[in-house]
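Structure record follows, encoded as structure tokens.
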Amino acid sequence: MLLRDELSPLEECKMQTEVRYYQQPQLNKPVMVCGLPGIGSVAWLAVNHLQKELKAELFAEVFSPMFSPKVWLTEEGLVKLMKGEFHFWKNNEGGTDLLLFTANEQPYSPEGQYELADVVLDLAQKFGVRRMITMGGMATDRFTEQPKVYVGGTDVDLVKELEGYGAVKLAGGAITGTNGLIFGLAKPRKIPAICLLAETPGYLSLDANAAKSALQLSSRLLNISLDLTALDKQAKENADAVQRAKGLSRGGFPHGPRKGGERELPYVS
Amino acid sequence: MLLRDELSPLEECKMQTEVRYYQQPQLNKPVMVCGLPGIGSVAWLAVNHLQKELKAELFAEVFSPMFSPKVWLTEEGLVKLMKGEFHFWKNNEGGTDLLLFTANEQPYSPEGQYELADVVLDLAQKFGVRRMITMGGMATDRFTEQPKVYVGGTDVDLVKELEGYGAVKLAGGAITGTNGLIFGLAKPRKIPAICLLAETPGYLSLDANAAKSALQLSSRLLNISLDLTALDKQAKENADAVQRAKGLSRGGFPHGPRKGGERELPYVS
Amino acid sequence: MLLRDELSPLEECKMQTEVRYYQQPQLNKPVMVCGLPGIGSVAWLAVNHLQKELKAELFAEVFSPMFSPKVWLTEEGLVKLMKGEFHFWKNNEGGTDLLLFTANEQPYSPEGQYELADVVLDLAQKFGVRRMITMGGMATDRFTEQPKVYVGGTDVDLVKELEGYGAVKLAGGAITGTNGLIFGLAKPRKIPAICLLAETPGYLSLDANAAKSALQLSSRLLNISLDLTALDKQAKENADAVQRAKGLSRGGFPHGPRKGGERELPYVS
Amino acid sequence: MLLRDELSPLEECKMQTEVRYYQQPQLNKPVMVCGLPGIGSVAWLAVNHLQKELKAELFAEVFSPMFSPKVWLTEEGLVKLMKGEFHFWKNNEGGTDLLLFTANEQPYSPEGQYELADVVLDLAQKFGVRRMITMGGMATDRFTEQPKVYVGGTDVDLVKELEGYGAVKLAGGAITGTNGLIFGLAKPRKIPAICLLAETPGYLSLDANAAKSALQLSSRLLNISLDLTALDKQAKENADAVQRAKGLSRGGFPHGPRKGGERELPYVS
């Protein structure tokens, strides 16, 4: 294959993080709830549940080379990209409008995690978000049917409010990952924010009960009534498996069906 | 060696991904076939075979710091760069024109894989590509003389069409790597696309039989008649080696001559 | 979740390193003292002590995706970002004004370390810094109550001056990390600079005695009188622990309370 | 430390690769010789020797965040940055002018290696370089007092010319690293180039004899008479050590004094 002479100017192109809008919803000082997959998938389960229960509507997506270089297929063999999704919900009872954000996964690199947090906060500021809630799991080594929820905040009043609802103050320590970054980077942007971390054992990949605890607190903060029973089925499966494992000392736990999850890699091309 | 005073303004330079055009072929709504080296080298073998059989002509190359920092030498001691190559073939019988893309290797970093997919799709849009076919290997642990070919697509109709030709629908799962990215990223660019994954055992580095299966399906989709016998020789070598290995429990397999392959690193300077 | 048609132009955003100013202090040819956490936390302890003793005032902060993707919480549950802090101190006795720089941690990547050094030196040039002092630890395997302080400099005169105060010239070798980079990169910017490396055993994470030695030399260079007793308490704890460890062959050492330190990661979300 | 309100616009800064010129030498279609440290330090030793023997003059330096984040100290305690150096030599006998390039080390990342190669080639084009020579080591497992030199080239004629001088054609294979990249990337820039790889055992860190072999060939190509005796001393030390090791089965080899080398890291701050 011979090299021919160069006849055209060089063309240069470089993929960047992009947000594509499909609508521009009109929202009144919404609250944003963010939850990317992490420990126990707590945050992802919680936001996914909110989206389904409230029938929140997709209005924007973020694509980025900071997500893993892979694609997903539906049961029908249709391709889906790694991405983040923004949904909105208008509260027709005059209460708080909501913006939701989740993604297939957290970006694999530290730079990518900062970049994605930045994208989310840019959008939050664009829509006049008045309060940010992020979630996550706090890994403990114990299984409990009543997981505690810990809270950190940008302001003392917010922390106190959540303590009033039953959260335990996060006194010291660090939160790593994108859910923590969105929380902390809200501060210089003057968006009041909290991070709710629900206790979860390290070995449950879909801790629906922890997600439920985090949502129970959120619903009080948001003053929105939520039906959480759809999470109970998965929570029960986990509890049964823990019991069996304790009896058998085998310790294997169900992963369960998950749309948009990031943990399976059956094909490499 | 003393530092002298600075007499000139600073000069800054940064290498970027570049596409160099040697021709601007006139094509009529071509179909593009992409295959970078991956599992079993299935995709690379397939595209390489297409290029040779059809005598497709080189018209552009892509150079990038996302490829490994190395160069190759021919048997004559002439240097070759790591790169991607774009070939075209005009169908003089009035049928589908083709664009082909392959490269020495997939970029080593996730960002590089996204970037290369972006380059390929930019070029595809520039040439009005009406359909994108990417390929790859699906690793199984079994050797078969009749490897199945799995298909995923951007549209239901495409998937059904390939099922009609004998492909098996990819129901769920993920495809990692550049071949999968080009496939999935065609969707937001509104280019109908499929990905064909041929079964291949993990231990064959040049699975010509799997490449042949993928090409048999492609030729039906493209309605182009292809002579695939050049792949049979390598396929037979593999089958014989598998037989011997089963008898001897040794398991060594031929790599065979490979131009532009990425696996050997005899020199480090 | 169906993809909707694209209705808006793509929006692109990318987080970058940012310096946020809260004041623009008026300083007279100040000297800058830099110390990021590293071996023995020597540099960080020293600068932190200076800031407290002199009641130096915060005037700017640097945020960057080059810091680890995490956030910290105070004892009150309030979130703090990973960042670098710039403080200033006006010398009301007509002597040297000071600029101080420290951070939660050194950036995790080589590129990040260069970038942060660049930020610090840009600010130093902006404020007409006439001399730069960076610090660090030199790991030895021995514990001593009288750690030596080694010096390297951009100019022979500076090295000689510090040797006059009791420092030992660093003859050959290399200094890795951000403290070394700020030191070395001051040279092309024509800012005279020194790096003071205090001996420290590798196993002390908060070597207050080494920090004290480095500060003793600095105070002579700066002609500023410093009360170093606040470092003695930690230094004594370390010495006692070393003694006990030698007796018990156990070797565990106190970490002590640390604000802004980077070594604990109790939560992952 | 309270956060104050933001009073100033954000300031953003990012370090990039920079070439600083101290002179703009007038050269007549020079030949460029490049050699960065690599296997056996062959290339670095060769270029370093050329610079000293010819008393070539420094005219530019390249600084980059692609070099390791560290600095060096001279025996006088003076700081030196990681960098690349460009020297020139005017041939007063009417023959070939020379440009020389070497550096403390190869960049640590693949992107950095491409970037540095690009910098070097930009400068080469700026000065109308008519031929590029890069060097390196080819690792073998054998020690020989007469190391062969292998050659690869951008053109058949160049390869033949070097074969005429005693080099062995590099038939196939790959060259990794910056010396290989500068060589290969000269091709699209239309600069005729060769790469000379001298045999070296993997265990010699300063293979002066291999450097000498490479220089002997180069001097014939350049038609410049070179005194190579300064390399003999190191070469002899190596040969003696190999002999002793064969006798003792110990295998330890001298590193020798090295200015600008990259292998020692005595201090971490």
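General remarks:
The letters A, B, C and D name the chains in turn, as written, and every chain counts its residues from 1.
Here, contacts are C-beta pairs under 8 Å (C-beta built on N, C-alpha and C of every residue); 3 or more make two chains touch, one makes a residue touch a chain.
Bear in mind that the values here come from a model prediction, so they are computed numbers and not experimental data.
Superposing the C-alpha atoms of chain C onto those of chain D requires a rotation of 90 degrees, given to the nearest 5. Under half of the residue numbers at the interface between copies chain B and chain D are found on both sides, making the touching surfaces mostly different.
Mean C-alpha positions place chain B and chain D at a centre distance of 35 Å. Between chain B and chain C the centroid-to-centroid distance comes to 49 Å (mean Cα coordinates, whole Å).
Taken residue by residue, chain A touches two or more other chains at 3, 20, 187-188, whereas all remaining positions touch fewer.
Put simply, chain D touches chain B in their complex at residues 16-24, 38-39, 42-43, 58, 61, 85, 110-111, 113-115, 117-119, 122, 134-139, 151-156, 159, 169-181, 183-185, 187-188, 193, 195, 197.
Within the complex formed with chain A, the chain C residues making contact are 1-8, 10-15, 20, 63, 65-66, 68-81, 108-109, 264-269.
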